[in-house]
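Presented sequentially are two complexes of chain A, the first with chain B as partner and the second with chain C.
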Partner chain A sequence: MNTRQKKKIIEKIKSVSFLAPSGLGVLIFFVLPFFVIVYYSLLDNPVKKNFVGIDNFVNVMQNSAFQSAITNTFVFSLISVPLAVILSLLLAMLLDCKIPFKSQFRTIFLSPLVVPVASIVLVWQVIFHTHGALNSIVAEMGGNPIDWLDSKYNQLIVLSLFLWKNLGYNMILFMAGLGNIPKDLIEVARLENANRFQIFCKIKLRYLSPTIFFVTIISLINSFKIFREVYLLTGGYPYGNIYYLQHFMNNQFEKLDYPKISTAAIIMCVFMIIIIGILFIVENRFGKEVEE
Partner chain B sequence: MRRKKIIARLFGTILAAVFALVFLYPTIVTFANSFMSSTEIMAHYGMVFKDQEETNEWWSYDQQKDTTYKNDKVKIKIRPSRVTLSQYASVLFKSPEYLFKFWNSVNLVIPILIFQILVALGASYSFARFKGRLKELMFFVYIILMLMPYQVTLVPNFMVANWMGTLNTYWSIILPGIFSPFSVFILTKYMRRIPSSYVEAAKMDGANEWNIFTKIYIPLCKGVIVSVAILVFIDYWNMVEQPLIMLSDADKHPLSVFLAQINQGEVGLAFAVASIYMIPCILLFLYSEEYLIDGITYAGGLKG
Partner chain C sequence: MLKKYLKHKFIAAVTALCVICTTACGGGKEEKEAGNPIDNTGSADNTSGNINLETGIYTFEETAIHQGTENQDIITSNYFLKDDELYYMYYMFPEYPEEYYDDLKKLDEMEMMSDEDSGIMPLGKDSNDTSVDTSSSDTGSKKDKPDADNPDDVSDDELTGDLDDLFGDSEPDDAEATDKPDDSKTDDASGSDIKTYEDLEEKYKDYKAIQKLCKYNFDTKEISDVYDFTEVEDVQISRYCIDDDNRLVMLQERYDENMKKDGASAFKCFIVIKDAEGKDISNTEISDIIIGDRSNSSDEDFYISESMFGPDGYLYVSYVLQENNNTAISRIKTDGTLDGRVTVDNYVDSMSIDNNGKIVIGCYNEDKLVYSYLDFDKETIGAELEGLDGDNTFVNIMPGHGDITFFLRDSTALYKYNGETKEMTMILKWLDSGVIGDGVEYLMPIGDGKLFCTYNDSNGNSKTGILMKSEGSGTEKKVIKVSSIYVNSSLQEKIIAFNKANSEYKIEYVTYETQENPETAFANDIIAGNIPDVIDVSSIDVNNYINKGILEDLTPYLEKDDTVNKDFFVDGVLNATAVDGKTYYLVKEFGLRTIAGKASDLKDYKDGWTIQELIEYYNSKPAGTELSDNCTRSSVFYDLVCSNLDNYIDWKTGEVKFDTDEFRTTLEFCNKFAKEYEEDSETQVYKKIKEGKRVLNSIYLSDFTNIQVFRQLFDNDIKYIGYPSNDKCGTYLSPINDTLAMTTVCENKDAVWEFIKSAVTKKDRYWSGIPASKTYFEDFVKQQTATEEYVDENGETVTPVDGTYGWNDFEVKIKPSSQEDIQFVKDLIKKSKTKIYNYDISAMIEEEAEKYFEGSKKLDDIVKIIQDKLSKYVNENK
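Moving on to the complex of A and B:
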């Protein structure tokens, strides 16, 4: 064995030994059990172990609870993601202007990120309850009080909590993106008499496009996680249209229906991998475009 | 022209101020109301929780019925009529169950925080320093895992916990938490920027791999380690999904889960408990906002 090969092997050993603790943990707790899940999703139940092929997938897809969970989750994403992107871009642009108290505003906009949802959810309950603050106002104006959490507006209540929590995070990403735009480019545009709107569309948006895309995907992924907020607001069994995917999963966990949990997890996983794949492809393309 | 600019600036400031008010409002209300006496809370918000009390009697610890006056027009009140620490005093001295839950939170979060970062430091050093096909594939797996929602990752975690017999113990949350790939991702991205000339120079001076790791990489990463630690802390301090699935015993739940149920029991204490729960986060935030912002910025963009 020559010295070069020897060196390579030593290098390998070093590299593996640094990675081993984390790598083994990830294998044991995430990757290997995932294959077991794939296996379970093809069985009728883990004790009898009868192979049923794609029956579970068909069953879960036809399950009405699963369908409504999926629909609700998607409707929520469809409303929340564009708002989360546009509003946080607006906040970042505001802080990019010459306004006083910039750093204080930044601190305030970011603060919901660190405040536990559990702590402030009481305020939402007091506002939106049947006997809550909002209904007091409604009653004064002559309207009929309703239970807002059990109305068609309840998605909006969850939405307000989602936006409150997530806008700050997105805003920071946009601020970093805005900071990366070369200042001289904007100067040149100004000298050439471009107006603000043109500068925004032609320069800022173009340079921000990778960030916008990244923020969109992150918001989309975060919108799938919407459960914590709903659970804290309404408990484990929420009203119809705020019954989300995680609720479905939790209920299956309670029944310990392994094939069903596994199948649902795999459907979700495949879906996520598609989204993440798009993210990667677009990021590679955008990345090159901006560098050029 | 100049006038137009001033008007635009004024408009921007007002808009920012409106947003700021909306963002601060829930936190301020919670804090302010924690200084009201329990009777004042009941008088103001009692109506909100009245029917819950009736249907959930099993939940209230003491059977004594609250007969205080309840205002039937609920309005959010920010200024307490008399500032008192009585809520805090009751939480501290009369209702130890909240402190137990707080302690549960600490017991869950601190081990995850420490060991996740230790494990991640090694892994990200390996990812950043050495290259290889398999490495790249593994890093890709880490990224995918990081982006997966709980609906997916909790299923394997639950099964492993079931096989290991750790269900309903803290290990079922702490162990997967330690190996969560989030901090590996950010640390790797940061370490990849450390110039290889540093390593070459250290090698010339006879440093071995361990020296390079501990004497060069870790000191250079101090800032980003703080950033990651803050993000991890906030994330786990907020946890709801894991305890709900892993811990069937409600006594073991952290305060983040328990707070959701508190309003059915003792409304008079809820705001104080909520405030106590957010104080560590807010202090941490005010003390290290720059690190938090750096951390978020590092996490932006998936490429190294």
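Moving on to the complex of A and C:
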């Protein structure tokens, strides 16, 4: 073995050893638990541990509560994610212009990020409770008070909570993305009599595609995490269509039904892989030119 | 038998009041300080040096000091050690002659006859004043109404009449001479002289309970008397010690109504010192010294929670203010002067003395139990002691000795604390030693690695003995793990008995009582794979565990076993407790819950009724009629809906039927009742039922005599209609005490089955409910139907049931049960089932229903919400 090869091997060993702690952490806290979940999804219960193959998957897919939960989750994601992306992009573009009190507005939009979840929930309860602020206004206007969280409007409330919480962060990401667009390209476009819409669609959007992709994924993940606020607001069994996949899984944990949780988690993981795979393909297609 | 049980319950309560004497006044230094009546503490092996209590397996050997037996009404308490001798207080109750009980019975009858409006049924009369055949004997004993929520408890609040009536039938004691008067002085018991209970007391005033201070020598095993307190009346000796001059120094508590003036309390405390011959040296009242100005307080405002004599010659007394549970500990000299007081802004859980004579307390600080020394000079609490498990809410401190700063105990183990190294070390596990840990009252090292210990068993009997380290059997026993959510003394006794008898297996007992959320902690252990071999299912959602395949089907074991099989149980018990035709747990004793009303009023309902039928029935009554006892909208809702979930949920198909007119009608019906029940003290229960102002009453049957009570309550016109349900089966079998199940993962299934069998077949001295075993059931029947005294197979004398029973204004004479009553209960058992109660569903429904009851939501909205939420729940779990 010559010196060069030896050097290469030593380099590899060095890099592996530096990567090892992180790799070990990922292995222990992500990879291994994943395989444990796969293992549990193939058993009948955590006590008897009899192998049942894909019976759990069939049962869970046929379970009407699971079907309802997954439908509600994806409908919510389908509505909230585009809204989160579009509204935050609009806000970023607005704050990118020369407007007064720009930094104050930025602070206002970013502040929900630092508020603890319990406080957010408390505020929402104060506003939307049967005896809350909103009902006081409704009563003043001559209407009847509504228990908003136990009504057909509860989806709107959850949506507003999600957007209020996440717009600021997405907006910051888009502002950073907008800042990275080469100014000379826009100047050239203007010189060639391109209007604002054309500049936005042909130049800005293309350059923002990686950011849009990233924001979409982040928003998608956050749309699943809305379970936390919903659970604190309404408990384990909320009324209507705000019963999400995590409700299903959380409730099974209390019933000691590990195989069901594991199965539901794997099904969700598969769906997420498909969705993110599609997003990757789309981003790859539109963002190729930008990268080149 | 029952009277003796009640007596022992009372004795246990008295014993609990006489708080364990510390060892402070035990031994003595070889040289005492001049003028100091009480020397420093010492155990039998004195203050210094290693007292050799290492971690290990200890065995408990009962000692023979004046222990009560089945027929002797003796209690011993208030122990302390001095110079290898154990001092203790000894109580024996008076031995009245037969004529006393005749006089007492006549007095009881006179009192019942004199109150026409009370609804009290005189002996031999029914409501129409018609004579009824009775054949009771007259011993004048009483019985409590069983508490439906805690059938084990005998509610002292329900006792009526003079407390002496409880013990008036005590058997003559052979072992000890009692303080009997000369018979020639006794009046002829014609009854003509006895008009009131005071007359009775006066006539038999010479019959006294014996109270003595005795001592027991561990080496010679001799018992001798030290002081006789028999002539001292109305005095409770809370604490005492004997100094090196053999003077007896006592803290006495006296209650005298005559002492009350200007609203001040009649409860007084004294320090009394007697010399070696028993003559009084001093008698100093310290009531005001203990808690300061009490001119605005009454007896209900505070209580003394702990007291002890310290080696420094002081008396330490802690008292608790009822309003806020704040505690103050006073240090008092034996001459009655106050020498410091420390106030604690929390409840003091325990107080004791360490090996250096310093006072240490355990009290709560933000839900955490912390231990600190008290500084009486600065009147402050010292810093928190390190190295102690503050999360354990059941730790009691016990006095220190030698090199052990102090002991701590919880329900599972005994620990020692070393103040220098700040380490807490476990010495022994109670169950391994054959002791019920949460019944331990007194503990004292007596040298050579031994501990003197007293504890109360599950029947309240006091056991005294010595714990000593055992060599071990040599072979390691296989472990069987038994778990219960909450500590169960009765189960612990069975575990001790099994461990003693079994050379191959040993049971370890685990509870979750000290966890913040015991049920969740237990569930987490199950998920983590830490599954016990046996579970006490009385506090868990047993159906959930059955559905998860955690509990073993015991049906094959019942079919194979020669002793505990289907024929072992009373007819109907296994059916009532079966789930899908299988038996998952065994019941040892049980109660029956149902509802009764007037037979003449319920003749249209043959064998039970549905919820709608009950609603129609009640709606036909005049406005203002009470439905049942303690009736509120939430209790009615619970009985109609939460206890009848099968009416609304089909678990197999996942169909949920709350969005129905039936449920709407039920909710509207429940909303008719008040939020809280207001007892109408003007009108008596018996009269209410007689006049139709109350139509039903809840029934809890834990023995056969209960039937007589309810029959009288309804004026012999009673029908056990049952709780309403769609299947019209409204009688519920409610298991009591140990309800054991085997888990599917247990490795030693045969051994576990043997343990479960032993738990079910062990005969307890007193039954809390109806025995599930046929043999014991028949014994129970024999006891409750006996019309003459007899001796049972254990040599115990069984006296016929006789007494009065009732609550508030209602009282009825109890006599031996008839065969018709026995058969009735047997038939009721066969019709019974176990209540299916799902905590999660009930909580959800009750929460939503409450919004409707409070008017914040409309009926239709609530029904829609409940239907939606429960559909999700049921579909998740179907």
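Just a few scattered comments:
The rule is short, and it goes like this: the second predicted complex is superposed on the first by the 267 of 292 C-alpha atoms of A that agree within 3 Å, B and C clash if a C-alpha of one lies under 4 Å from a C-alpha of the other, contacts with A are read in each partner's own complex, and residues count from 1 in each chain.
The rule is simple: contacts are C-beta pairs under 8 Å (C-beta built on N, C-alpha and C of every residue); 3 or more make two chains touch, one makes a residue touch a chain.
Predicted model, so just to flag it, every value in this text is computed and none were measured.
By the touch criterion defined above, A:216 lies against neither chain B nor chain C after alignment on the C-alpha atoms of chain A. Number of chain A residues touched is higher for B, counting chain B against chain C. In the superposition on chain A, contact of A:47 is made with chain C only, not with chain B.
In the superposition on chain A, A:150 contacts chain C only, with no contact to chain B.
Once the two complexes are laid over each other on the shared chain, residue contacts for A:240 go to chain C alone; chain B is not touched. In the superposition on chain A, A:124 makes contact with chain B only, not with chain C. Once chain A of one complex is fitted onto chain A of the other, the partner contacts of A:63 are limited to chain C, with no touch recorded for chain B.
Judged by the document's definition of touching, chain A residues 130, 258 lie at the interface with chain B and also at the interface with chain C. Contacts from chain B toward chain A in the complex involve residues 8-9, 12-13, 15-16, 19-20, 22-27, 29-30, 45, 47-48, 50-51, 72-76, 119-120, 122-123, 125-127, 129-130, 132, 135, 138, 141-145, 147-160, 175-176, 178-179, 181, 184, 209, 213, 234, 237-238, 240-241, 244-245, 255-257, 259-260, 263, 270-271, 274-275, 277-278, 281-282, 284-286, 289, 292-293, 296-297, 300-303. Interface of chain C with chain A (complex): residues 523, 526-527, 529, 531, 544, 548-550, 654, 743-745, 844, 851, 856-857, 861, 865, 868-870, 872-873, 875-877.
Touching chain B in their complex are the following residues of chain A: 11-12, 14-16, 18-23, 25-26, 28-31, 33-34, 36-37, 91, 94-95, 97-101, 105, 107-127, 129-133, 135-136, 139, 164, 167-169, 172-173, 176-177, 210-211, 214, 221, 224-225, 227-228, 231-232, 235-236, 245-246, 249-250, 253, 258, 261-262, 264-265, 268-269, 272-273, 276, 279-280, 283-284, 287. Residues of chain A that touch chain C in their complex: 44-48, 63-66, 68, 130, 147, 150, 237-240, 243, 247-248, 251-252, 254-258.
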